[in-house]
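Read through the structures below before going on.
Shared chain: subunit A. Partners: subunit B in the first complex, subunit C in the second.
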Partner chain A sequence: MHLPDGIVPVEMALAGYACTAGLVAVALHRIKARPDPQAEIPRVAMLTTVFFAASLVAVPVPPTTVHLMLAGLMGVMLGWFAVPAIMVGLFLQAMLFGHGGLTTLGLNGMILCLPALLAFGLWRQIGGRWPDLAAFGAGAGAVVVAVAIFATIVLTGLPAELDARAERAAVQVFALAHLPLALAEGVIVLVLLRVLRRIEPRLLPHG
Partner chain B sequence: MAETSPRARLILALVLAFGFAAVQGLAVLPLVMALALGVVLAFGAGRVVLRRMRAPLLLVLGLTLVLPLISGPTVLAQIGPVALRLEGLQAAALIAGRLLSIVAVTLALLATLSPFDLVAGLRALRVPALMTDLALLTLRYLDEVTAELRRAAVARSLRGGKRGWRALPDHALGLASSLIRAQARSERLWAAMRLRGYGMGPEPDAPPLQNFERLAITGAVIVALGVIWLDRIL
Partner chain C sequence: MTSHTRLAALAICAAGCFTPLVALSHAALIEAETAQAVRLHAFYDTGEPMSHAQVIIYAPDNPVSAWGQGVTDRDGRLEFVLGPETGRWSFQVRQSGHGAMVHVEVGDDAPVVTATSSAQSWGQRLVMVALVGWGALGTALFALARRKGRDASA
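Then we have the complex of A and B:
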């Protein structure tokens, strides 16, 4: 779910850059306050590589196949590191695979970083007491929030002379089409975090 | 133009892309597309651009098929319940023209660089080291991890794995084992990075921009501003 170049007005694209730059600055500030942030870079990079590669592989979710977003899982596993990791992933996707765009990098960053941080917050708040609920909520909720941000940007950004009713209908269809993805990501994050909690709890240092 | 540094290419791409994205009317669109074509030819990137244009072209095709049929009150032609509408046609042309021009310029300037030069360009633009290091390490292991995930998917299907929704837990388990392997790999990697002296000294400064690069960037700024000015007055 990436906004391509040329869809939204340039003012909105610039605002997206400004907001994402602010978010990255806050995330980097939080990361630098950690005891040894440099030592975490290889771990974050390796996990980012897995998330990036996994999002390129199509997963069958009947009646179609989908590409996982994994923003919620990144939030849970990487915490504040999810923000720079997502921005790096988006930049590489735009340059290497033509997904997304250069001018919409900031907006696409907001679409994925905010849900990741919300998932991180949710996991921290209730992950200890109700881990399965938190895991499902983080996975599915991140998709729902990302779709909501995407739809808001598209509805606000499309030319005013277009038929508002048709626009809204198209966005509603788009949102409904993402419900199976939300459920699939919820299930995947739930199962995955159950396994990691049991086998390799070190992978959840931000929980 | 092949010797243009990655940093200068990134600046050129950003300036031209945002200049083209600011176009709001159809009158300037042919000029914008001609400029994009000029950049593609100047950097000798015709083949690369054509090869990587598939996804944007599909998107443009979708837009040009859907928007003219659903948007706007002015009906140009009607066949049964299907009406071709002027406003939708204009919006589709504007979005498609901007999208293709920006993608062509971005690809011509940046897709011809190796991923490692691209990251070097980001570093020279003072993007935080944490992010450029992340990008380098991600690029270094991306092929390996992608192949690993694909092998796991093939193995699952050969074992007669479940299909549809019931296969999701299996996907989750495959992903979990990749993450566990990644954690182990990262520990070895961190040890190797420390042995090589990672983070011990300051990063060397990027060389200054050359005169022809400064000239090209100034030219791009003038072109972008000129396009926006023409768009507003026409």
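Then we have the complex of A and C:
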């Protein structure tokens, strides 16, 4: 779920860059305020690779195909670090695979960073008390929020010459096709955190 | 038979005789000319066709306003005839926020097609993932080594 170049108006692409720049600045400020930010770098580096490679995992959901996003996993595991990690992953995906455009990098950053931060917030609020519920909710909820942001951007930036009704119908089909992915990502985060709780609790955000 | 009846019968016969001649006077005319056509094939990088995707066409003299529109068929294909303008025609195929743009040079010579992006093989993609993974592993090990060094010196 990446916006390619030329799909949205230039103004929207610039606004996306501005919003993402603000988000990255806030994230870096929060990271800098931590007692030992460098201690997180190995985990961030490895999860950035997982996020980068996940876009290649295509899951056929007729009549379309979806791919893993892992925004919820990034948010739960990395917290504020998820923002720079996702941006690096998106940049590499755009450069190496052509997934998403460079002009739309800011918007794609918003589409995935905001759900990641929401997942982080959910985990922080209820992860200590109900870890399974929080993990599943973070994974599944991040996909739903990302699809909602994506659909809003696409439908807001429709060019006048396009058949808006046909595009709206296509976006609806696309959004429905992501519901199984939301469940799958919820289960992925749930299982991963359960495994970490059992074998290496120190890797957990609440470990 | 009265004179009126004869006249009416004569008129009907005349109409019957001339009607085929009138119909035959609608001659068929054909004008034939050659034109440059473009055949698009749009598909996702998974190989799936972009079925019923919308196509927006931009002429060389006006790359901002659409020159024409179309919709791909079930296989993601669309064929249409271009206008007389020479230069770089642009075609955008899009569906549910996904899409791509292709440019076609049309001139006096045969048109030259330039693709948007070359499709990568799975081998190439796996090499890229391995390279990025290697970079991340290196970063992780570097950070861990620095941390251990700091802990040891402390």
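Note that the second predicted complex is superposed on the first by the 190 of 207 C-alpha atoms of A that agree within 3 Å, B and C clash if a C-alpha of one lies under 4 Å from a C-alpha of the other, contacts with A are read in each partner's own complex, and residues count from 1 in each chain.
Please note the rule applied: contacts are C-beta pairs under 8 Å (C-beta built on N, C-alpha and C of every residue); 3 or more make two chains touch, one makes a residue touch a chain.
Just so we're clear, the structure is a prediction, and the values are computed from it rather than from any experiment.
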Touched partner set for A:L3, first subunit B, second subunit C, both or neither: second
Partner with the higher number of touched subunit A residues, subunit C or subunit B: B
Partner chain in contact with A:V154 - subunit B first, subunit C second, else both or neither: second
Partner chain in contact with A:L56 - subunit B first, subunit C second, else both or neither: both
First (subunit B), second (subunit C), both or neither touched by A:P37: first
Subunit B versus subunit C as contact partner of A:V171, first or second or both or neither: second
Contact residues common to both interfaces of subunit A (with subunit B and with subunit C): 4-7, 38-39, 41-43, 45-46, 48-49, 52-53, 56, 92, 96-99, 159, 161-163, 166-167, 170
Touching residues (chain side subunit B, partner subunit A) in the complex: 13-14, 17-18, 20-22, 24, 52-56, 59, 66-67, 70-73, 87-88, 90-91, 94-103, 106-107, 110-111, 115, 118, 122, 128, 130-131, 133-135, 137-139, 141-142, 145-146, 148-150, 153, 163-165, 167-169, 171-173, 175-176, 178-180, 182-183, 185-187, 189-190, 193, 198-199
Subunit C partner contacts - residues on subunit A that touch it in the complex: 1, 3-7, 38-39, 41-43, 45-46, 48-49, 52-53, 56, 58, 63-65, 92, 96-99, 150-151, 153-154, 159, 161-163, 166-167, 170-171, 173-174
Complex contact set, residues of subunit C against subunit A: 44-46, 48, 51-52, 54, 56, 65-66, 69, 71, 92, 94-101, 117, 120, 125, 128-129, 132-133, 135-137, 139-141, 143-144, 146-147
Contacting residues of subunit A [partner subunit B, same complex]: 4-7, 9-10, 13-14, 24, 28, 31, 37-39, 41-50, 52-54, 56-57, 59-62, 77, 84-85, 87-89, 91-92, 94-99, 101-103, 158-159, 161-163, 166-167, 170, 184, 187-192, 195-196, 199-200, 202-203
